[in-house]
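Per-chain numbering from 1; labels A, B, C, D and E assigned in written order.
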Amino acid sequence: MTPWLLVGLPVAAAVLGVALRRNDLLARAVAVGLGAATLLVAVLAWALADGSAVSAGPGLRAGELAVPLDLVLDPTRGALAAVVALVALAVQVYSTWYLETDDRYGQFAATVSLFTGAMLLVVVSADLLLTVVGWEVMGWCSYLLIGHWSRRAAARRAALKAFLVTRVADIGFVLGIIGLAAGAGSTSLSAVLAPWRRPTACIDAALADGALAGEALTACGAPDGALRATLLVLVVVGILGKSAQVPFQDWLADAMEGPTPASALIHAATMVAAGTVVLAALFPVFADSPAARWFLGVAVAVTMLLAALLAFAQTDLKRMLAWSTVSQVAVMLSAVAAAPPADGADAGLLHLWSHALFKSLLFLAIGWAALAAGGTAAMALRGSAAAAPVLRTGFLVGFLSLAGVPLVVVGGLSKEHVLVTAWDGAVQADGPGVLVLVALVLTAAVTAAYSTRGYLVLTAHVRQQPTATGVPAVVHGVLWVLVLLTVFGSLVVLTGSFAVHQVSALWMLLSVLVIGVGVAVALRGGFDRDPAQVLARRFVPVADAGLGVDLLYRRVVATPVLRLARLVAFVDTEVVDAYVRGSAVATRAAGWAGARLHRAERPSAAVGLVLTGVVLLGALGVLAWS
Amino acid sequence: MTALDTAFAASGVLAVVGGLLAVTTRHVVHAALWLVVALLGVAGSLLVLGAELVALVLVLVYVGAVVVLVLFALMLTRAPIGPDLAHAVGPWRAVGAGLLGLATAGLLASVLVPLADGSVSRAEISTDQVAEQLFGTWVWPFELLSLLLLAALVGALTVARRPDPGGTAS
Amino acid sequence: MVMSLLLALPGAVGLWLVTGGRGLPVRPARWVAAATAAATLVLAVVVVALGSSVDRPWLPELGMRWSFGLDGISVPLVLLTATIGLLVAAHAWAEMPTGGSPATFLGCLLLVEAGALATFAARDAVLFFVAFEVVLVPMWLLVGRYGDDHDPRARADAAHRFVLYTAVGSTTMLLGILLLLARAGTSDLRALADGAGGALGGGTQLAVAALLVLGLAVKVPVFPFHTWLPPAHTTAPTAGSVLLAAVLLKMGTYGLVRLPVATVPDGFTRLAPVLAVAGTVGIVWGALVCLVERDLKRLIAYSSVAHMGFVVLALASGSETGLQAALYANVAHGAVSALLFVVVGGLKQRWGSVDLTVPRPALRETSPRLGFVLLLGLAASLGLPGLAGFWGEFLAVYAAWDPAPERSRALFVACAVAAAVGAALAAAYALRVAGIVWAGDRPDPEVATTPDTSGVERVVLGVLAVAVVGLGVAPMVLLGTTADAVARIGGGP
Amino acid sequence: MSDLVTIDWPVLAPALAPAAGVVVVLVGDAALPRRGGGRWALPVAAVVLLLGALAAAAAAVGAGAQTLRTLCLPAPDGACLWTAGPRTSTLQAGILLAAAAALALLHDGRPRPRDRAVSATLLLAATTGGVAVAAASDLGSWLVALELATVPAVALVALRGSRAAAHGALTLLVTSLVSFALLVLGAALWLTATGDATFSADTVALAWADPQRRAVLVLAVTLLVAGLGFKLSLVPFHAWTPQAYATTDLGTAVFLAAASKLAAVAALLVPVAAIVGAGLDAPALVVLLGVPAVASLGLGTVVALRQTDPVRLLAWSTIAQAGWIVVPLTALDAPALRAAAAYALVYAAATTVAFAAVARTGARTLEDHRGLLRRDPLAGGALGLALLVLAGLPPGVVGLVVKVLALAPPVNAGVWPVVAAGVVAVVVGIAVYLRWFTVLLSGSGDRPAASPAGPVVSQRATRVVLVVGSAGLVLASALPTLLLDLLS
Amino acid sequence: MIHLLGPYLLASALVGLGVAGIAARRNAVLLLVGIELVLSGSLVLLVATQAAGADRWAAGSVLPLFVITIAAAEVVVALAVVLLVFRLRGTIDLDAPSAREDVS
């Protein structure tokens, strides 16, 4: 029952929120109150979760396909649900202040609630169909949130782009899920996993008996490897889209047009991270398919480095954070791609957990700073951290965590785990471990560099110190809570909710070294200058344009599709319909001809017709008979 | 070839020649007259086939009444005494009509000729028998026929009568 | 008894309104029509609850019986029709088209409803055909007489195209029915379904199936027989569009399930690949046209073509899942398209036209309620989970991916992929409309405001919105209703 | 073998009534030449026709499924020259009723004193022929009755006396003469092939068994179909139809369109029933019936689509509907006969109602009917119903039912070309009738109503025809089985 | 004894001539000539049937009598109509087109 409550509460908050949107006070009460309730339920569920408990769903009668619609709760999912609920609550509380004067606050809060519900559904789903439901609803909510300020053309465009890019990728996701479900005749997660896993023990035994590999596979009823790889690649395509990985990376930076709380929600705990959750759920099958792992590995390796570089060179700090999200999500996914089958994907989930905390902190803080400074560009934000003590602390902790400084903060620890997992994967050499490892190391350096840059810019000394007045205490409180959690959140490892190995000191040393290199590079221009301007002046405009990928999307996808659409519309009216009109015209013409032939009405013609008709009919009859 | 066959052939040729001329001549009155010849030939053929009553009625009604009517009608419609140029048809139409006739004759002959396998003895049916059947078995169509004649006469009279000068024909 | 009353009530009152009561002023006419539609809905619920049926000889020479009754497949459609009937009758308060007497207009609505109810309840193939034809003339009147009064020529053209094109289809279907009747010896649909074409040879089955499918494909409409739909929708008054989309198109798909799928399964199996491809092309085709279409009503009509493509694809897959998906998507499309047409009809009434290139104020700003339902309809139309559109389309793609055993796997998988692409295109066109109409992605508008929805229109939209959400949140209700009847068809010998 | 036939007068009543009417009218006209300008003749004739219809209907209903026979020869032969099953009796009743309707609309003929009596005479005589041919079972009665049904009709058309009518009558005349000649040739060939002067299934089967006589039989049927095709307005024997309809008065047009057509159908069913009874597998005969049917369906509908004169439109629609009547016959089985009869009856009723509406409005073009439904609900409603029945669209359910009945036999027998033509004809036909229907409905009735022609009495008679005819159509639409039961 | 070939050929020839005559004539009265020829061909055929003995109720003789009478009646009506046409239109040309404006 608990998982249903977990999903139901935010959805109820959304419905109530829409109903009460006229009354700001009630809307706030509903959003925050039910958000808090959700968090409470999530924490309780996490605390009480013991092993894996499945809650039976209503079930659908869909012919041959079994659709139980079950939910499941185990400690890992509990932990994830808790952090999702926490971030959501933080965002809700923050929004009450941030969107105080917005005439559409009610809709916004309701959408955030729905978004939270959808993410929680993905987290606790034990049914692939429910996963799709949560997945798609998140996409729709992101459309609404990003386009919230629809009076701005850029926001409208960004919302459209976000939804369309992810939706295109979802073609793969939906097809992959359908294919997996079709193989099992069920959408239940456990039922799907069973037939697609390689019966390793059986195959080993058969091989030991001297059977050929092909025979062993057939005899043990092993799944069709190529089909499985195809389906998993399809699923991964969907995940790449939702998580803004190459080649779908471009929508996320544009999504910064949305209100900052929405960005915090999308980036920190929900949509972009959801892919990791789904892949972790599918990990037992995924781990068996090297092709799919390679596919994911290459994509995330490219993404994490590229996004980190782009982040470094952004003029807009909010966009820098967006690109850092892309990079960090790639890090999470890289753990899934590289993890050896025995290890599991929990390193990625752990990084998701910590990323949720520090990224929400960073976003909420920078939103406040931007409000104080009047813009999100690096120039405008210079020194804006001085507006409040919590901002300075928050930025420090947040960027440290982002850079992955070990042990001090959550981000560092989880990144260590990812590195270790990748190393294990590389050692076992069955998958993209080496590639991922190299990319991780390089990315760590670049991440350290842009984290340093961000901190430097935000805390620079400026003459006119921005001030933040009228910020309610509760917002301060929220940020402080997030700061605390960012510092101490890594203790979650001790709860055992995430199955991760010990991290060796050697790795810590290595990463400190790498981070040090990154920081050092960033500091080359001194403490008072923007490292991006120092190091990558030429690269900045290119990076701001996202390497021109947007143009590529338009040239390669949008324009051809529209051209095709115009062609189809033309063919529809001028060819398909032409037959219809043509038959009408032909009938009229025949009528005209017939009427014309009978116009003179000569009696001799009537007689001639009769005689000719008889002779022809007679001849025809006699011939047909003989 | 029996004598009957010979007689039939003679009257048949007369009928066909008469018919041919009746169809082809350009003089309208000649056409009617040639029709008389053809009908006489047909009557002869019928006689040979043993249907005296039919032959007699044919001559009486067709030659005696119908052709006379036709001649009157030709005169009333001011048909010329010489060739009728007003109603001349073009050569194509004539050829077409000829072909149509040939086709008809051919079609009929092609289905009928296979039926004529050898000579048969002529079945004799006396006029008495015919009369008995006509007024016994066929009395119903006979009465209907009288109604037909009555209606035709009434209709023809009314149709042919000149309209009243003051009639309000619309 | 109740069954007969259910069919007779709207029919009789409709006929009276069209003939004797033509001169009735608008107020009493509206009340009469609404009361009749409401009573019909009550009767429909009673019939569904009690399972009433009627069966007596009608044309014994043809072996044809006056036989009506419901099963799991027809129950949702009957309820949908009765509900939509009430809604369109009520909508007359919001919009009363000119072009003739109000009573005739309402009478035609009721006649269409009666015909559709009879179609869904008929248990005899020939009776089904007769009922199928009943809707033609009233619908023709609705389009040709009460339609868009800007262009009489286009109106007449659309009405004629509707009636003639549909007549081609229904006559072809009649041939199939007659052939079936001649070969199987009965026109009782239940007996035919029980026999499942066992008594017929392969060639006959194929011929019957081809005739039936061809005929019904026009009504559905399946690509490439869809070109009557956009003009009809564009021209029809709101109530007519709603009936057309929510009720008439359903008659086609319902017919496909009842006739070829149930009675000549082997013949249908041989045709299934063709139908699947046609449905898939329809999905992509309709969506692509929607990307560039300027007239919003035409756009929604083309989206109907795309949505019905999913239904057809699911049917063609031949599995039980496919049938379930088809029936679900069918009803879902009824609710969604009704919602959209009420909104768009309302917009057309307010704006005079729904040309997307004309700058207009953003609904989000000027009339948020109207905007909200429009957005809801568009979201449902693009297959957002939690709304009506999703389940049917997801299951349809699933069914195409995993078709019944006799079908070509590769072809159907290709169709599934194309259908999934079509679903993405659906998102593109739905958001295109949302961007332009709802969010205001247009140059500065000249018209300052758009009156928001109120009164009866609001109630109608509310009911439809609840239906759209309800179908999406609780798909198990509808799927459970149809499951047994589907299993009977799917599990035939 | 030479005894007189026995005569059962009540059975003959349907034919005797109009025949007696002829005598009564002629005698009355001779006795009372100046009495009311012959105005009395029409009611008398109408009463006679209705009595005859009553007798025929009683025969159809009362006899159950039995076949009434009379004019039978004594024992060893035992053949009967008059055989009327329920189908035939119903058709006879239809012919008589249609003739009565024609009489009611005979009001815009030449208003000369004697003409009413003459018109009534000719109409009664032609009706007698039609009724008699329906029950004829031998070549003699059949031929004579058929000509009795035709010759007075030619005179009726000519009677109008206008130039155009004269031309129409001339076309009708020459076509009928040629058809008669062909019909006689056909009868002669039939006798040659079967050796029997009756339409009997047994001799047909015997003739069919012999390949040489079979060819003759095929040719005989061709010629008989052609001869009847003229009366039925089948393409290519149709050319007189639009001219005659359009030039004569509406009463005569109704007679030609309804009574005369029913008589032709009844006459056609006589040889076809013999062929069907013989149970032949005869593709040649299917071709003979199918080709004219397809040609009529095609030409009739497409040309009707372009007509602006309502009478000409109805004339071309007659041609198309004649095709529909023949469509079921191409299957050459027993249900086909009933389907053809049912179709013919429904067509005749609908077309009579349509003509009556045209007579009431006096319209010369379709546009004259603009807004008719509002101006004149009776005429508009009846006309609308008739058009829907002809188009086969509900609420004209009976039109749809007979189309279903008509298509069923060829579908069953697999005569697909005819069926395909039927599908096209349904669609184009709907276009034809809806075109007119649209005009009826259209709102702007600001055109002045065309002045109705004829005196008040005729208007009353027209109204009776409209009311009775549309009531019949409504009844048959609600309970089509009533009609079909009469034919079984 | 008589060979049936003769009557059959004669009938075919007469019908063929009659059809050709009907098709070739524009004069309404002369059309009758063709008609009579076709009819006489039919008469020969009917009587031949009787002569061959395949006959019932003397149909071979009775039917010709009927036909001759009907033809006479038709000719009467035909000539009446032809005279009417000649009086009203001044021509009995079968090729003359109708005057449509005269329709009213």
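The rule is simple: contacts are C-beta pairs under 8 Å (C-beta built on N, C-alpha and C of every residue); 3 or more make two chains touch, one makes a residue touch a chain.
Keep in mind that what you see is a predicted model, and the values were worked out from it rather than measured.
S.K.: Between chain A and chain C, which partner chains are common?
M.R.: For chain A paired with chain C, the chains in contact with each are D, in label order.
S.K.: Which chain's mean C-alpha position is nearest the mean C-alpha position of the whole protein set?
M.R.: Chain nearest the overall C-alpha centroid, as shown: C.
S.K.: Looking at C-alpha means, what's the farthest chain from chain C?
M.R.: Farthest chain from chain C, going by C-alpha centroids: B.
S.K.: By raw count of C-beta pairs in contact, what's the busiest chain pair here?
M.R.: More C-beta pairs are in contact between B-E than between any other chains.
S.K.: Which chain has its C-alpha centroid at the greatest distance from the C-alpha centroid of chain A?
M.R.: Most distant chain from chain A: B.
S.K.: List the centre-to-centre spacing of chain B and chain D in whole Å, with centres computed as mean CA coordinates.
M.R.: Here the centre of chain D sits 30 Å away from the centre of chain B.
S.K.: At what distance in angstrom does the C-alpha mean of chain D lie from that of chain A?
M.R.: For chain A versus chain D, the centre distance works out to 77 Å.
S.K.: Cα centroid separation between chain C and chain D, in whole Å?
M.R.: Roughly 43 Å separates the two chain centres.
S.K.: Just how far, in Å, is the C-alpha centre of chain E from the one of chain B?
M.R.: Centres of chain B and chain E (C-alpha means) sit 6 Å apart.
S.K.: On chain A, where are the residues touching two or more other chains?
M.R.: Chain A, residues with two or more chain partners: 601, 603-604, 607, 611-612, 615, 618, 622.
S.K.: Could you check chain B for residues that touch two or more other chains and list them?
M.R.: Those would be 100, 103-104, 107-108, 110-112, 115, 129, 133, 137-138, 141, 145, 148, 152, 155-156, 159.
S.K.: Two-or-more-chain contact residues of chain C, please, as numbers and ranges.
M.R.: Chain C, residues with two or more chain partners: not present.
S.K.: Could you list each pair of chains that touch, in label order?
M.R.: A-B, A-C, A-D, A-E, B-D, B-E, C-D, D-E
S.K.: Spell out the part of chain A that touches chain C in their complex, as residue ranges.
M.R.: These residues of chain A touch chain C: 58-65, 129, 132-134, 136-137, 140, 143, 147, 150-151, 153, 156, 160, 163-164, 167-168, 170-171, 174-175, 178-179, 181-182, 561-562, 564-566, 568-569, 572-573, 576-577, 580.
S.K.: Applying the document's contact rule, which stretches of chain B touch chain E when the two form their complex?
M.R.: My answer: residues 1-2, 4-5, 8-9, 12, 15-16, 19-20, 22-23, 28, 31-32, 35, 38-39, 42, 45-46, 48-51, 53-54, 57-58, 61-62, 65-66, 69-70, 72-74, 76-77, 79, 84, 86-89, 93-94, 96-98, 100-106, 108-109, 112-113, 115-116, 118-123, 125, 129-130, 133-134, 137-138, 141-142, 145, 148-149, 152-153, 155-157, 159-160, 162.
S.K.: For chain D, which residues count as touching chain B in their complex?
M.R.: Counting only chain D, the residues touching chain B are 2-5, 19, 22, 26, 71, 73, 81-82, 108, 110-112, 114-115, 118, 121-122, 125-126, 128-129, 132, 138, 140-141, 143-145, 147-148, 151-152, 154-156, 158-159, 161-162, 189, 192, 212-213, 215-216, 218-219.
S.K.: Taking the complex as given, what residues does chain D use to touch chain A?
M.R.: Within the complex, chain D contacts chain A at residues 167, 170-171, 174-175, 178-179, 182, 214-215, 218-219, 221-223, 225-226, 229-230, 235-240, 242-243, 282-285, 287-288, 291-292, 298-299, 302-307, 428, 431.
S.K.: What residues on chain D touch chain C, complex-wise?
M.R.: Residue positions touching the partner: 335, 338, 381, 388, 393-395, 397, 400-401, 404-405, 407-408, 411-412, 419, 422-423, 426-427, 430-431, 434, 438, 441, 443, 480-481, 484, 488.
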